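Worksheet: one structure, shown below.
A, B, C, D and E are the chain letters, set down in written order, and residue numbers restart from 1 in every chain.
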Amino acid sequence: MLIGTVSGSLWATRKNENLSGLKFLLVDIEEKSPDVPTKTIVAADTEGAGFGDVVLVTTGGSARVALGSSEVPVDAAIVGIIDSVERNQ
Amino acid sequence: MLIGTVSGSLWATRKNENLSGLKFLLVDIEEKSPDVPTKTIVAADTEGAGFGDVVLVTTGGSARVALGSSEVPVDAAIVGIIDSVERNQ
Amino acid sequence: MLIGTVSGSLWATRKNENLSGLKFLLVDIEEKSPDVPTKTIVAADTEGAGFGDVVLVTTGGSARVALGSSEVPVDAAIVGIIDSVERNQ
Amino acid sequence: MLIGTVSGSLWATRKNENLSGLKFLLVDIEEKSPDVPTKTIVAADTEGAGFGDVVLVTTGGSARVALGSSEVPVDAAIVGIIDSVERNQ
Amino acid sequence: MLIGTVSGSLWATRKNENLSGLKFLLVDIEEKSPDVPTKTIVAADTEGAGFGDVVLVTTGGSARVALGSSEVPVDAAIVGIIDSVERNQ
């Protein structure tokens, strides 16, 4: 999974019917170090994340697992709101 | 999912039979920041996207989910036409 | 999917038995711009592609879908010979 | 699979219900050379890894296989604690 | 699939039980040009590859297909020993 910060949202009227009702958030992925995003992806959110939240994102088939449906065409989902990260120096 | 802009199309007479009738669009993927594409991929389109549209692209097995068939050998599909993106500064 | 140009082939006598009879081609993937490959991968070919052909490559599980068998351990397959690409300037 | 070093852990109270009880560790992935991490990911751990352990990480669908459940939305799992690596010079 | 050269091996006493008995090799992946590795991964080997062999590596779900079991949590497998590569200049 990846750690990221929610940085925005998007609106799409015309979309795949199985995406209806889902909330899509932009997440700045921080793979290198905290607060230095390497890329921005769009993740479906079922955890109620908001702007600025640090989140845990799962990708690939596990995103569909997270949404509980094999019919939803997503490849990234927010699966947790991170309270704290402990890094060993 | 990824955000991108439709930048072209392609034509292939000789192709896998399960790709017949599908529309393939070039999408400039914008993972770093808006209007700065990092790579160009080919995505199947079922949403009626056109040149210049900003689209939501899903990848991997979810592309087949988007097309509603496990028999279509695609790994990227346009699943939405994006109306607006709100980025938190 | 990715656009690439067939740049070579390989021979492997000792291989997984489910790969027997398959043709494997080297494909220079052009993700950034035409004629500037970013990496070279090996793709199974069922479309009769030859040296210099510009091809459409699908990756991941869809490669097995392309070959029509869930038993063939491939992660990339040529699914089309591209006649022309129209890029919007 | 990838080789990495456990560098931290994270805590998330609000998360997907199928992640309850799992331990999540930060792993600095070393794809280029030992001790030079290229990125940090979050992996589920069932092997009892601790800070500083060099571990074997599997990604994608095989992470769910490692956890023995297709219902757990993870895309990376620690599947071994590495005792030694022999590199041919 | 990817071309690489076997550069080492690893030993892990504590590991997922479904990995028991498997041989894991380090493979320097050569995606850019021959003899210039871009990254090192760990692949399960069932072809009897040895140090210095140039091998064909499959990734993702196809690695499990190569091992003939959906229960083995691997994401990369050596599926062939390459005898020769012909590159078109």
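Everything below uses one rule, namely that a contact is a pair of C-beta atoms (placed from the backbone, for glycine too) under 8 Å apart; a residue touches a chain by one contact, two chains touch by 3 or more.
All values derive from a computational prediction rather than experimental measurement.
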item: Residue-number overlap at the chain B/chain C interface, same or different (half cut); value: different
item: Chain centre separation in whole Å, for chain E relative to chain A (CA means); value: 31
item: Whole-Å gap separating chain A and chain D, where each centre is the average of the chain's CA atoms; value: 19
item: Residues within chain B bordering two or more other chains; value: 60-61, 63
item: Topology of the chain contact graph, where touching chains are joined (line, ring, star, complete, other); value: ring
item: Ordered ring members, chain C first, chain E second; value: C, E, D, A, B
item: Contact set on chain B toward chain C in their complex; value: 6-16, 18-19, 24, 26, 39-43, 51-52, 60-61, 63-64, 70-76
item: Touching residues (chain side chain A, partner chain D) in the complex; value: 1-3, 31-33, 38, 46-48, 56, 58-63, 65-66, 77, 79-88
